[in-house]
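In what comes next, chain A is part of two complexes: it sits with chain B in the first one and with chain C in the second one.
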Partner chain A sequence: MNNEIIACFPQWGSYYCAFRFLFENGFGVKYMTPPPITKNTIELGSKHSPDYVCVPFKYCLGCHIEALEKGANCLMQIYGGCRLNYYGELEEKILKDLGYNFKFFNMAEINFKSPKSILQNLKIVNPNVSIVKIAKALPATIGIIKTIDRMEDFIRQNAGFEQNENEMEDIFSEFKQKLDSTTGYKEYKKLKKEYLKKLANVKINKPKNPIRVGLVGDYYTVQEPFSNYNMEKELEKMGIEVHREMNLTNTIIKSKYKSSRKIGKKYVKFNIGATANYTVAEALKYAKNGLDGIIQVKSFGCTPELNAQTVLQNISKDYKIPILHFSFDSQTSETGIKTRLEAFYDMLSAKKK
Partner chain B sequence: MTIGIPRALLYYKNEKLWTKFFDELGINYIISPETNKEIIENGSKYAIDETCLPIKIFLGHIDYLKDKCDCIFIPRIESDQDRETCLNFRAQYDLVKNTFRNYNLKILFYNDSGHKPQKESKAYKKLCKFLHIKKSLGKYAYYIAKQTQMYYEFFRSENQEKVLKDTKKIKVLLLAHAYNIGDKYVGEPIVNMLEKLNVQPIIAEYFDRKKCIKASKAVSKTLPWSYNQHLLGALELYKDVVDGVILITTYPCGPDSMCDEMIVRQYKDVPIITLTIDAQDATAGIETRLESFVDILNFKRNGKK
Partner chain C sequence: MKGYLGIDIGSISTKGVVIDENNEIVASEYLWTEGDPMGAVKRLLKVLENQLNGKNIKIVSVGTTGSARKLIGVMTNASVVKNEITAHAVGTTTLHPDVNTIFEIGGQDSKIIIIENGYVVDYAMNTLCAAGTGSFLSSQAHRLGVSVEEFGEIALKSKHPTNIAARCTVFAESDLVHKAQIGHSKEDIIAGLCKAVVTNYLNNIGKGKKFNPPIVFQGGVSKNVGVKKAFEDAVGHEVIVDKNGHLMGAFGVAVLAKNSGIEKEFSFDVIDTEFKTTGFDCPKCANHCEIVCVFKDNKLIDSWGNKCDNGAVKIN
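Presenting the complex of A and B:
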C-alpha cells in the first residue's frame, strides 16, 4: 500500500500553494500541506534539536515530525548562505535516530554544475521523474509565487484601513483554497485576474499620511507569521501600513542582490552573508523613503543578522529613524512582544504629531 | 608606519604567514597582548549581547590597538578550499568599520574569496599594490611567509603524532577552533587543567589539514564549514587512538551548535563531553567536570586491562 509518495516541505508563509502545484503537476507525486504551526510544533522541534541552534531549525524539525506522523514519506530541505546549508543533513540524522522511515531530498547535496547530479537527486523524490513535466509546471509555479507576494504586499499595506474587518484576509484565503485544485497555467491566470480585482475593490479609508513601518529580518522569521508571533497582523490592527521587501520574488526569482550591494555600499563594503546585505539595503531604502520606523525580527544567534544589526544602529543614528530589534527564541513570551510593540506605536504616533 | 595585528580569530590560523610577510617587507607591526579580563570586558561593551565570545574578544583587541598604531590589519577570508568559513569572518571588516565608526580607524585588509586555487596569492598581490610595494618583492615575501607557515604546521603535526605514539598517559582529543584553543582565556586554562590531572591533551587543530578534511567527507557530506571539517576529520582519524574527546565551544557559536550535535549522534561509542564557555569566568565548574571525566576514562582503561 505504501507505494504512494507523499512529499512535504516545512511550513513557510503561504508558499505551500506553489510547492503543491510544483510537486503534483511537475514531479507527479502527492503533496501534503504541512499542518499549521502550533505551540506543539515548536516544543517538539526544540526537544530534539541542539540547544542553541537558530529557531528556524527547530520549526522545520517540528514541522517534519508532525508531517511524518500524518503520513508523509518524502521530506525536503533547501540550502542557503548560512547555517541553512547544514539543516538538511542534521535533520535527516535526527529524524533517522528517532526511528522514522522516509526519503530525504536535500538540495545542499546537489552539485548544480553537473546535470547528472541534478537528475540523480530529483529521482529521490520520484524515481520516474520527467524533466519535461517539471519544466512545464515551472512557469505557473513561479507565477503563483509572484502573485502570492503581490497580494500579500497589497494586504500588508492596506489591511489596516479596511472598512469591514478581515475582508482582504478572507479573499486571500479563498484564493489559496481555489489554487489547491488548479492544474494548469491558464486556470491559474484566470484565478489571478479575478482575485486581484476583488482585492482592489475592497473598500478602504486610508488617511492621507498613515504611520508606515518597514519590516526587515532573517529569511525565515520575517516570512513565517507564526515565528514572528503574527507581527504583521498586530501592526495592521493598530492601523499601520506595513512594508516588507523580503520574499521569494525579491530574493530568488528576481534577485535584488546586486542592487542591494550598491545601495548599502556606504555602510557595507563586502558580502556579509545570507540575508544581511538585503536587510541593510532595505532598511536604508525605508529610511530614505521617509518611513516612520523599522522593525528588525530575527532568530536568536542569527550570525548575519547580528552583523547587520550593528549597521542598522548606525543607519538609525544617521537618518534619525527609530529601529526596534526583536530576537526570538523558542520561549519568547507573547505578552512581552505586544507590550514592546504598543510602546513603539505610541512613540511613533507621538513623533508624527 | 606601524600595523596593529589583533591576537584573535584568524591570527591563530595564519600567525606565521602574517608576521613573516611583514618581517620580509620590513614593515613595523605590533601584536595585541594575550587576552585578559580587561580586553573581554571592553569587547563586550562594543558587541551586541548575543554575539559569540570570540567576536567579543576580537573587538576587545581592536579596542586595545585603536590608538596604538597607524592601521589595523583585518583580512577577510571568505572560503577555504571548497567550503566556507564562518560568516563572522566575512563580516569582520564591516563589523569593525561600523562598530568603531567614531574613531576613524584605518583598516588594512586583503580579501581572500572565491574558490580558485590561486586566490590567496592574488589577494596578497592586491595588498602589495595597495601598500605600494614592488611586485617581485611582494611575491617573494609572500612565498617565504607561506613556506614558513607550512613548515610550522608540518612540524607541529609531526610533533603531535610523535607524542601520540610515545606517551603512556591518558590521551584526550580536544576539538576546538584554533582561535579558541590558542586563546589564553578560553582554551589555555583547559589544557593546563588536563596537564595537572596527568592527562596528555591532543589538539585536533594541530593535525594535518588536508588529511583531516578528506577523512571528514566520509562522515558528513555537506558540512559547509571547512574549519569544522578539519576538526571532524581529526576525530574520525584518531578516535581509536585516544581515550576520550572534549568538545570545546563558545557560547553561542553558530557552526559548532550544529556540528557538535552531529558528532555526538555519530560517535555513540566514544566518550565525549561538551564544554561551553562564555564571558563569565567560572573555572570551578569546568574543573569538576574535567576531573570526573578523567576518572571515568581511568576506570575504563583499568577495566580493559
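Presenting the complex of A and C:
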C-alpha cells in the first residue's frame, strides 16, 4: 500500500506556491497544487453543498473533490470570524459521506494557547512532523507570500498600460513555475530579485492621471480571481489602475486589524465580523487617496460584508466616490457583470474629463 | 441628410430610433422581442425603412444597446456598441439637460441613475431577481384579468391602495391572492401592486440614494400612470415621464453613434440577409465555455464566449 501523504489546500489565488513550499520543505509531505478552478469545480461544489451556504464554501468543496479524485489524501481548511469557522467541519462530513478516505487538518480545531493541541493537530498532516523543520521553512514561506502580493499589486496597477499585452502575467506565471522547484531560502531570494526586476522592466504607457479603482470584498471572493469573474483582469483591460489591499500580507503577516479598526472608527465602532472591518478601512483609504471609484465584491449571503455595504454607502456620500456592489452566487451571468463594469467605466471616464 | 440609427434590444422589447443631425427623431418603433432578437431587429428595420420612405435620410452610423447589443451590433455593422446604462443616461440628458435622477423600470431589469451637472455620478441596477419589474406587473395583470395597458388607469381610481408585501415577487403574489379572496376591490389591489413595485424599487435599487428633482421616469413601466403616481407619492416630487421614455435607450445610443464621428456603411438589405447563430461547448478544458458563432449568408463573421485563447474560433 502506498502510504505517501499528499496534502492539498483549496485554490486561493497564487498562494499555492507558498503552501507547496511549506508542506514539502516544512511538513515533509508531498503537496498537490489544486487543479485550477473551472466551471466543473463550482458545479461539483454546488451539487454537494447546502444551497444557502456562502459561495466560497462551494468553491472549496469542489476543489477538494477534484483534488481527492487526483490522489490527494490530506485536506485542510482555515478558520475565521464568520461561517468560515464551520467550513472545515462541514466539508469533512460531506466528503466522508461521499465515501472519500482522507485525513483532514482543520485549523478551527486547534487551541492556539496550548502547544500540545498545536502539535497534535500538526501531526494529522505528518505523524513524524518536525517543528524545527517547519520553523526553518517559515521565513521562505512568508517571503514567498509577501513577494506574490507585491508582484500582484504591481501587476494590478500597471498591466492595463503595458505595450505588449499579457507580458507581466507571463513573467509572473514563469516566476510561479520556477518557485515550484525551490527548496531553500537563498534560492527563493535569487528568484525574487530576478523576477521583480523583469516586471519593473516591462514597457508601459501609463497616462499621468489614469482612472484608479479600488477593490474591496469578502476574503475569498476578492482574492480568488475565478470567484469574482476575473474582475481585476477585466478592469485592467479597460486601462484602469486597480488597487486591492486585501491579501495575506496585510491581514495575517502584518495583521492590520487593529489599525483597520482605528481607521474606520468614525464609521464603525465595533467588530462587524470576519474581515469586514478591513473592507471599511480599505474603502476609506481609497477614498482619501483620491481613487476614482470602489467596487465591492461579495458572496451572496455574506453577512459581514453586508454590514460593511451600508457603511460603504456613507463613505460614498461623504467622499463623493461612487461604489459599485456585486453579490455573487454560483450562477451569475457574465453579461450582466460586464454591462455594469462598462457603465462604471463610462461613468468614471466621463467624470474625469 | 445624414441619419443615425439606434437600436435597443431588451429581453422583452426591441426599440429602434432614427435621428437626424439635430437629434430630432425622424422614425421610431417599439415591438416585442419574442425571444428572437435577430428576427425582431429585422421586423424593426422593415418598419423604420417604411417610415423613412420619401424623407431623404441616409443612415451613416448605427449604435446598439440592450442585452443583445453585441449580436445585433455585428449584424448591423454598428459603430457603437454600448451598455444600456450609459445609453439611457446619454439619451435622457440630451432631452432633459437639467435632470438629476433617472428611474427606469424595464421588462426584466430596473435601474437608477444619479446625475450631477450632466454627468452620471452614481447608478445601481437590480441584481439577482426580477421582482418589481415589468414582467412581474404583466403576469399579475394577467392573473387579475386586466391588460397591462389599462392597469395604470384602474389604479388611479383607488382611494385606499391595498398593502401588498413588496419584498419578493413570490410573496407579493400570495399576498395578492389572499387580499383578493378576503374581499379587497380590484382597483385597490391594482393600486397596491403599483405601490409595491415602487416600494420594492426604492428599497432595493434606490437604497441609500438621494432623489433630487428633476426626476425622469422611463422604461416600459413608465407608461403605467399608476406606478408614476405611486412614485410621486413616495418621493414627494413631480416625476416626469417623457412621451419617448420607452425609446430612451435607443435614442441615447443613436446620439452616441452620431457623436462618435464614426461612419460605417449601413443598408436595409440586412433585412433579407440570412443570419444564423450556432452555439457549442468548447471541449478543450473543464470550463466548457459556451461559444457562439455568427454566420452571415453561411459565412462565419464573428464569435465569442471563450474565456481563453484555446477556444478562439478562427475567422477566415
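To be clear about the criterion, the second predicted complex is superposed on the first by the 352 of 353 C-alpha atoms of A that agree within 3 Å, B and C clash if a C-alpha of one lies under 4 Å from a C-alpha of the other, contacts with A are read in each partner's own complex, and residues count from 1 in each chain.
Assume a residue touches a chain if its C-beta (ideal position, glycine included) is under 8 Å from a C-beta of that chain, and two chains touch if they have at least 3 such contacts.
Just so it is clear, the model here is predicted, and its values are computed rather than measured.
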{"item": "Contacts of A:I272 with chain B and chain C, given as first, second, both or neither", "value": "first"}
{"item": "Which of chain B and chain C A:Q120 touches, first, second, both or neither", "value": "neither"}
{"item": "Partner chain(s) touched by A:S173 [first = chain B, second = chain C, both, neither]", "value": "neither"}
{"item": "Partner chain(s) touched by A:S130 [first = chain B, second = chain C, both, neither]", "value": "neither"}
{"item": "Partner chain(s) touched by A:T38 [first = chain B, second = chain C, both, neither]", "value": "second"}
{"item": "First (chain B), second (chain C), both or neither touched by A:S327", "value": "both"}
{"item": "First, second, both or neither for A:N106, with chain B first and chain C second", "value": "first"}
{"item": "Partner with the higher number of touched chain A residues, chain C or chain B", "value": "B"}
{"item": "Partner chain(s) touched by A:R83 [first = chain B, second = chain C, both, neither]", "value": "first"}
{"item": "Contacts of A:F300 with chain B and chain C, given as first, second, both or neither", "value": "both"}
{"item": "Intersection of chain A interface sets (partners chain B, chain C)", "value": "300, 310, 313, 327"}
{"item": "For the chain A and chain C complex, residues of the former touching the latter", "value": "38-41, 300, 310, 313, 316-317, 320, 322, 325-327, 329, 332, 335, 338-340, 342-343, 346-347, 350-351"}
{"item": "Complex contacts: residues of chain B adjacent to chain A", "value": "48, 50-52, 76, 78, 84, 86-88, 90-91, 93-95, 97-99, 101, 111, 113, 220-224, 251-252, 254-255, 257-262, 265-266"}
{"item": "Residue ranges of chain A in contact with chain B within the complex", "value": "49-54, 57, 79, 81-83, 85-86, 88-90, 93-94, 97, 106, 108-109, 267-274, 276, 300-301, 303-304, 306-307, 309-311, 313-314, 327"}
{"item": "Contact set on chain C toward chain A in their complex", "value": "67, 82-86, 119-125, 127-128, 207-208, 285-288"}
